[in-house]
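Following this message is one structure expressed as structure tokens.
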């Protein structure tokens, strides 16, 4: 019967195909890098990857990592999580199986959350470079060697709410948030702050992810006439809702506060739609606002920005900057621990928690999050006429220092 | 009692009346020929009888039971089996595999889904070969049906129909597209069946079936205009007129010795 | 509420422009054309490219986009669809999906993964009975209606149109006529592609332009075409506006369900009227 | 007279030979051998890919096999097949969270749930033909996805998915990669055996008949709606089993398991290997996983590659890889045969 010979032929072919994928080893330290290089997260994932690679390049150019008497170069093993949690989990398993137990990853919150679950057994150390729901960092949920260079999405809610209340002194606020993990995390943070101000009316409008048209939601906002609307869409949804808000003249009725914007998204929004919108951001590439106030931070940020310009002829996107910081910290951990063992590297970072990040002095908390001196930056969107170059989409008006960045450790279940 | 009767059977397609109030009757074990020019409604009539589509009006009785609204498969189960004008067999299957669904049913497997799903198809091999022997295709059992000649596929289709143990076999232009040699083969097969089962046969060319059928029905424009034994029918001037046109003659039809 | 209806109409208009080509292709050639969404995406990107590099105004850019996308549509028809003519549905399905994948990657390669900004070319609003509407949206709705009547006229008055209509009705019958129907079908295909590109061009200022923009609208397109009846041009017109309205109004009262109602409506229609084709 | 007897004898002999061939083809011994061989193929994969990848591959193969029954054998292309994978996966996830600590029981529940979902949806969609069938299923899949994402978010975890922490019970320990591998491999072999029996039965022939011409099958006395429904439910059930294994394999369920876009991957795998052939489905599953797992590592433009490969399949290699190999083999066999007969003549 032909089936038999066929099967054996197939076996041989499979072996040939598979054999091609077998890896080899050298005098290098391999670290895993995984972002969403395809799928909906692709715009962010690409710059994140660039960020992580730049950090590795800097360390290698400075001589690599010295463990004992031996000097190791760092090599990134880059993978694509396709913006899918299951693919991410699969890739992490592959990393671990290939002996790569230190990684920097994370474009989308749910993807990173899934990875945290996967490494609960301590099989790997992960520094995520995106923000995740705060509950992941609670003691009972957090994987032993899991960190993030950015923070919790809940913090976005707390910080922006604090700023909005302080600055605009509103009586009626609508939070227009996307109906998925990211939006719900932000909502948790918002509620935590607004609960302390019972005189302010807070309402939520949830928008589905990837809806073709936001007009019905925007109209609802216009009709409700709030003092401030806090928007928190992400990805292309952010572009659409800002475009359509401009088109419908929302800003004539209501102050628009956009919770979190990054350069890769801002690039997709026509300048007129950003003009005059108050923008919250984790970070901005140009920190000249700190030039006099905090020269050390400014110079550090400038250094990174210049290195970035040289390497990629572009400004560092927020997400990219966090990936850069995550990788820098991971490599610092290896150097300190003199080992690539996840437990030791994690331990080393926790014992020497202070570092200088893109956005100022910071220290690692036991819940795996850094506390940055400057939690948040506030900018005003610039119209086409005010822009100096294509990256210049906002004017920074404040570097926001607040304790709201992280909940107290006791509340997170530590100590 | 007749095996099959229809009363006032009518089918309209939009404005067109394809079959118009037809009262047809087929007796047990007779061979009935339905003839008529193209577009006279023969195939539509067969489609109605076999349940291809529901009639606009009228009723169909089979063995005294009203089958007007039964589905094709239920009619097949009662013993009404048909073939198609364009040979319709499963070209991608092997010849013997074509017969598997038919003979699997015969062997009673049909009544137990589980048995049907788990018994190897090969177990029906002997029955399939048996059915193929009837039409003389047993030597090509392992060939792929699509590679047979058109005539052999026609034979295969008849084998399919016969393996369903029909009480009434409706043949829709079984000779169309066949070569003379193939026609002879099919005709011989049909002759061997004559008298054993009831056969309804549509044919465009009267000459093919005239010496073989017991009775002829002539259709024109959806009506049955004449019926009776072949010689009566062919002698009927009305038939001549509608069928051949006025200038045509019976000799033209190649009917000799009538 | 008036506004919700109004914006439902915009969504409907865009859905119509994209779906009609889809419906046309299916009705004539029995091809479920996944590649349709890539011409849609291409239309939007070419618009941007021509505004940026040629410096032409929006509407000329749009014309360039539609023209080039139509050309691409012809290419797809000539090299993929025509070779699969009369084949099983699945293969054309899969082949056009392949074209879609390749197209997305080419778009990413040419223009990058970052979303592109497109500004509203008019930027004015109109005041009707105290309700303020952006002019651009009115224009989109108007264009969809013009396209609808244009198509109706085209189908009724021209030879090509008549053949296409006949083909929609009974494909085999038309083929029996012995005319080179393939030629006319390919025209229908190009026409469909051009309309999809027009949809992309018109929607660009309202939505975000990114390489995967087509794959999202595609699902809604399926819903529209199936609700309206495959190959039924008027049904497609009605279905797009009905579903657009449904999406817009549901979005107002039950935001999470706004998109899914389209699919529920489609399932309901299919239940009531199964398609045997 | 003697001639006739001789002829009859010849026919009979031929009949018996062919019959024997048919019977051994479907015989128990051969099936066991086939299963062993498939097991060996996966075992060979382990050292190259790692047990976890081999496990992923095997699960994917189960899903592709279930799809092949529907598409390859019965010729009904569905774009909503992942719904059942998702139902199986979520049922396991929810059962282990709220109902039981026994993963085996959870698998049973998952399979039953997928079966029920298949019964309900199938009852509606099998009435629909052609492209509309594919799209109607897609609509149902989309509705399922929506249910998980939005109205049932509180129990399914929405976008974040659902982590399963009860993975070990008695000897059954899904935390252990080796156990996972063996369990999944055994499941694959079970599914394969089952489908092998189904497809080589009269029912299997009926399915292929329906694929070619459903109307004709009705005129053979078969209620095709019933058989289409049965097949649909069967495919859904097996897919649900695959989904249940996915959930246990990752210890995690997320809405991606029923993402309609991922359906294309299954269709592709099915075609790549060769649709309508169980071995084709297995081969397609493995090769698709190899492509999607390894290609992105070396090659950024994997979407492009996938597109080109699909076009090639559609235009050049309809039978997929397995079909191609079969053709190659029969070609070689024919050549060898004609060669040997020539030799015989020259001698």
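Remarks
Every chain is named by a letter (A, B, C and D) in the order it is written, and numbering of its residues begins at 1.
Note that a residue touches a chain if its C-beta (ideal position, glycine included) is under 8 Å from a C-beta of that chain, and two chains touch if they have at least 3 such contacts.
In this text, all values refer to a predicted model and were calculated from it rather than measured experimentally.
Counting only chains that touch, the fewest steps needed to get from chain A to chain D is 1. When every chain is reduced to the mean of its C-alpha atoms, the one closest to the centre of the whole protein set is D. If you average the Cα atoms of chain B and of chain C, the two centres end up 47 Å apart. One finds 34 Å separating the Cα centroids of chain C and chain D. Separating the centre of chain B from that of chain D, both taken as means of CA atoms, is a distance of 40 Å. Mean C-alpha positions place chain A and chain B at a centre distance of 73 Å.
Counting partners per residue, chain D has 25, 150, 303 as the residues that reach two or more other chains.
Touching of two or more other chains is recorded for residues 256, 259 of chain C. Multi-chain contact residues of chain A, defined as those touching 2 or more other chains: 179, 208.
Annotation, chain-chain contacts: A-C, A-D, B-D, C-D (touch as defined at the top).
Across the complex, chain C meets chain D through its residues 26, 30, 32, 80, 83-84, 89-91, 93-95, 97-106, 109, 215, 219, 222-223, 226, 230, 256-257, 259-260, 263-264, 266-267, 270-271, 274-277. Listing the residues of chain A that touch chain C in their complex gives 39-40, 42-43, 46, 179, 205-208, 210-213, 215-217, 219-220, 236-237, 239-240, 243-244, 246-249, 264-265, 267-273. Contact residues on chain B toward chain D in their complex (touch as defined above): 50, 71-73, 76-77, 81-82, 84, 88-93, 97-98, 100-102, 104-105, 109, 113, 116-126, 129, 133, 138-139, 141-142, 160, 164. Those residues of chain D that touch chain B in the shared complex are 11, 14-15, 18-19, 22-23, 25-26, 197-198, 200-206, 208-209, 211-213, 216-224, 230. By the touch criterion stated above, chain A contacts chain D in their complex at residues 1-3, 5-7, 9-11, 14-15, 17-19, 21-22, 37-38, 78-80, 82, 84-87, 89-90, 93-94, 97-98, 109-110, 113-114, 117-118, 121, 133, 179-181, 184, 208-209.
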